[in-house]
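Have a look at these structures, which come just after this line.
You will see chain A twice below: alongside chain B first, and alongside chain C after that.
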Partner chain A sequence: MKVALIGLGSVGRGVAEMIARKGLGITITGLADSTSGVIDPAGINIPGVLANKKTQGYCGDRNISAEDIIKTGDYDTLIEVTPTNALSGEPALGYIKAALLRKKHVVTSNKGPIALAYKELRALARKNGVALRYEATVAGAIPVMHTIENGLAGNEILALYGVLNGTCNFILTRMAAEGLTYEQALMEARKMGYAEADPTYDVQGIDAAIKLVILANTIWGNGAKLSDVDRTGIDLLTPDALRLADEEGCTIRLIAEANPHRHLLRVSPRILDKNHPLVFDGTLNALTLETDMAKEITLIGKGAGSIETASAIIGDLLYIRDHHVKRP
Partner chain B sequence: MKVALIGLGSVGRGVAEMIARKGLGITITGLADSTSGVIDPAGINIPGVLANKKTQGYCGDRNISAEDIIKTGDYDTLIEVTPTNALSGEPALGYIKAALLRKKHVVTSNKGPIALAYKELRALARKNGVALRYEATVAGAIPVMHTIENGLAGNEILALYGVLNGTCNFILTRMAAEGLTYEQALMEARKMGYAEADPTYDVQGIDAAIKLVILANTIWGNGAKLSDVDRTGIDLLTPDALRLADEEGCTIRLIAEANPHRHLLRVSPRILDKNHPLVFDGTLNALTLETDMAKEITLIGKGAGSIETASAIIGDLLYIRDHHVKRP
Partner chain C sequence: MKLEMKDSPGQLVAVLKPISDVGGNIIAVIHQREPDLHDDTLNVQIVLELPEGQRERLVGLLTEQGVHIQRIGEERLLYQRTVILIGHLMHTDLSDTVDQIDSTGFAEVCELSMSMPAVNQRSSSRITLKALSHEDMDAAIAILRRVSQQKSLLLIEPLEGCA
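Up next is the complex of A and B:
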């Protein structure tokens, strides 16, 4: 199986390293970061490219672009792991469309294109007879899409509830445990590398809402958009609110929830009993699926991280390898 | 997709009802309980058969046996859901072999044959080019096998820990919550329908050990046998032990665990922090998989129940339908 890898940040590096280390019958024939590219039909020397990236800041030839690789390269599957742009989805959206039009399978960790253009991309993939997989877009290493697609096949999914943003969960954990203010806990999250310099996307619930939209479209195909999500962040929560919850044996978590029968699509701080399955400390993510036959199934795991996200990408690649790519 | 359904207890009824209700492109052409059978190449009238079973105690023609259906029936996939016999695996083991030899796919909820003869059955299925699936044997509705096979594909599974017996979890929950003795909690479990008249298999950890053996063979192909499991039940636990754990913010749960690097294959009562992901009340099951890339993934859900187990069977059927059975 030949792949083109576009994006060489934390996720891209993890994917490249795991493919190089594990020898899964996957050959990287094209690779690009934002300013350069490498092409080798015989298989790119990954350790060499990663060393170049580290020393010179870019990975290959400045005259080779991501577009060159996507539009002319020899590959079965595009791995698209550039940074998320939640407003336009670009440049990832264009990359994904170009690959699908060439009848290439696509695996992406990029929330922008999937949240913005799910219906169009799904139709384009079907029309061209290829797979579009995006396990890594929601809840990091937790195989939520595989569970929806195969593990719970035949079930009607009635509703879902999840902790889909590890940064918020960390901040709320620290506010509850130490009586910190929101600002103090955010500073701690920054120091630990859990929060970005601009934490808006995380703390205002935008990141969780984007993931909720992706889940809702995948499960119910209902054309949900980010603007449909009733959204409240955690940035106005006070230590007092957490203390009051604590006095009742409860705590507060940022919960993303969807229930099409109740027309519910919401991200907001919720008071939960401390024994609730969605209450856990730190940066983990979790998702509960409420179904007609299996009843409630909860999945808990790492929501971020280079190798953890690579796990989701590689699960998608192997699914395509085993179920879609014809082997000799 | 044509199926033969052997076994019409709680699980078999659930499967038949769900197939009849959901119309998943699955037709039941043969059906047997322990003393009678029904054959209809055009598709059996399920509500009629279930009504017969209820009124007369058997489902069909006393002159038609499970063997007749398995060996001469027209079907793609055998659904084998007869009661577990952990000593010989029979009659299920013979049923499954006969179907595989006829190049029929097999889906089973029967722990006996899989725990006793995994290697042989797996080889027989491969040789005949058919699928052998057994999602329902471990942790009821939780799609653990799908997660191992697809969701975490590419990961090395390093170890696992689980709550694989809901009866024990219920008894321990009640002992901790109310200070009940083991005998009192067992009586309550019986009244609720969570414990059998003879609770030996559950409370001595045999049921959990069988599931552990199935998981170990599936993941590591290491030929683990029931006699390899270091096993301690919950029947000698005292309310005092639970009280002492409680004083340290802990509780006791029956944990099944495997770690091939440490040669560990054990079912035993363990003291766990109350915040541990494997600590929850009631009859739920859970499994934590420790992997190299995804790190720890925990799955929680219903470990038993007619429709819940049917969910696992139907997930397997649809996987076979979509990935193995050629459609016109």
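Up next is the complex of A and C:
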């Protein structure tokens, strides 16, 4: 299968390295970062391109753009892993549409376009007879979408709740364990590389809310939007609140929750028994699905990371290869 | 309730039947022979849930069976939930916040733990609520949610079924 890879940040690099190393029968014929591109119908020399990126800051020819590759390149599947823009979804949204219109399958880790334009993109993919897969948008390496689509096929999903932001889980873990203030725990998260310079997106629950919107649209097709989510962050929590919870054998976690029967779409700090399956330390993510036949299923694993996210993308690629692309 | 009854076969069943007749739900039966009692009596303690207004009817039915009721202890509010409130709790009139729950008649604040780190800093409190039923508890939490919003307090609720 031939793929075009757009985006060469941490996720793009992880995907390129794994494709080069694992011999999965996937050939990268086009590759672009934000300022340059490489095209080679016979297959790009990945280690060479990654070395270029490291030494000169861009990967290939400044005269080749992501758009050139998407609109004219020879590939079966577009891998779109540029940074998320939660407001416009661009430039990723335009890239994905252009590929779908050319009847190319699309795999993305980009939350913006999926949260903003799920219905439109889904319809466009159907109309053109191609697949649109986005396992990596929610809970990193955890195969949430595969589980919902395949493993739990035929089940009605009644409700879901989970820990969808590792940064918040880390901060709350440290506040509870060491009695740190929110500011101290955030500083520690920054030092460890778990929090951005501007942590708003994570700590105010926006990132978790976007993932919740993607899940709700995927499962219930209800057209949920980010503005529909009742959202409270963790930035106003006090060490005393965690201690008061601890005295009762409980702790506090940021929980994303959806229940269509109760018209509930909410991200908020909640009190949980310490023995609850959604209480764990560090940056992990987890999701509990309540279904009619299987009852409760809880998935837990790494929610971020270069290779971890590549795992989700490669899972989608191989699914497309096995279900949609005719093998030579 | 604590009952005294004759120690003869079938007596316990005879006591339990009226409870189910009035729609009660038995939570525990404690049945103990105490050495200092007369030989022909038996002490039984029953913990049960009763629908509103069925108490007098049950007492009547039990008395008909010849059962002597020694004591009825009543715990009116069975459902309990703990929340945490953060913010300027005193400056936003904590007693009013509590009163908004207590004045409902179906729920009340039964425990409050508080920590106030310094003047002008936000304080944190753990509040345990009791209510008549699951629905009443949800209604009480909804009131607390509204009050918290009005007073700019952060309300942390338990995840369903926890705490």
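The rule we apply is simple: the second predicted complex is superposed on the first by the 328 of 328 C-alpha atoms of A that agree within 3 Å, B and C clash if a C-alpha of one lies under 4 Å from a C-alpha of the other, contacts with A are read in each partner's own complex, and residues count from 1 in each chain.
In the analysis below, a contact is a pair of C-beta atoms (placed from the backbone, for glycine too) under 8 Å apart; a residue touches a chain by one contact, two chains touch by 3 or more.
Everything numeric in this text was worked out from a predicted model, so none of it was measured.
Chemist: Just to be sure I read the superposition right, which of the two partners does A:Asp273 touch: chain B = first, chain C = second, or both, or neither?
Modeler: After superposing on A, A:Asp273 lies in contact with chain C but is clear of chain B.
Chemist: Answer with first, second, both or neither: which of chain B and chain C does A:Ile255 touch in the superposed model?
Modeler: second
Chemist: In the superposed model, does chain B or chain C contact more residues of chain A?
Modeler: B
Chemist: Considering only touches as defined above, state whether A:Glu120 meets chain B (first), chain C (second), both or neither.
Modeler: neither
Chemist: Taking the superposition on A as described, I'd like to know which of chain B and chain C A:Leu299 touches: first, second, both or neither.
Modeler: Touch status of A:Leu299: first partner only.
Chemist: In the overlay, answer first, second, both or neither for which of chain B and chain C A:Leu236 touches.
Modeler: The answer is second: A:Leu236 touches chain C but not chain B.
Chemist: For A:Asp61, decide between first (touching chain B), second (touching chain C), both and neither.
Modeler: neither
Chemist: For a test of understanding, state which residues of chain B touch chain A in their complex under the given definition.
Modeler: For this pair, the touching residues of chain B are 18, 22, 24, 141-143, 146-147, 150-155, 275, 277, 280-281, 291, 293-302, 305, 307-308, 310-312, 314-315, 317-319, 322-323.
Chemist: Any idea which chain C residues touch chain A in the complex?
Modeler: The touching residues are 82-84, 86, 113, 115, 117, 122-126, 154, 156-159, 162-163.
Chemist: Which positions of chain A touch chain C when the two form their complex?
Modeler: Listed in rising order, the residues are 161, 232, 236-238, 240-241, 243-245, 247-248, 250, 252, 255, 257, 268-273, 276, 278.
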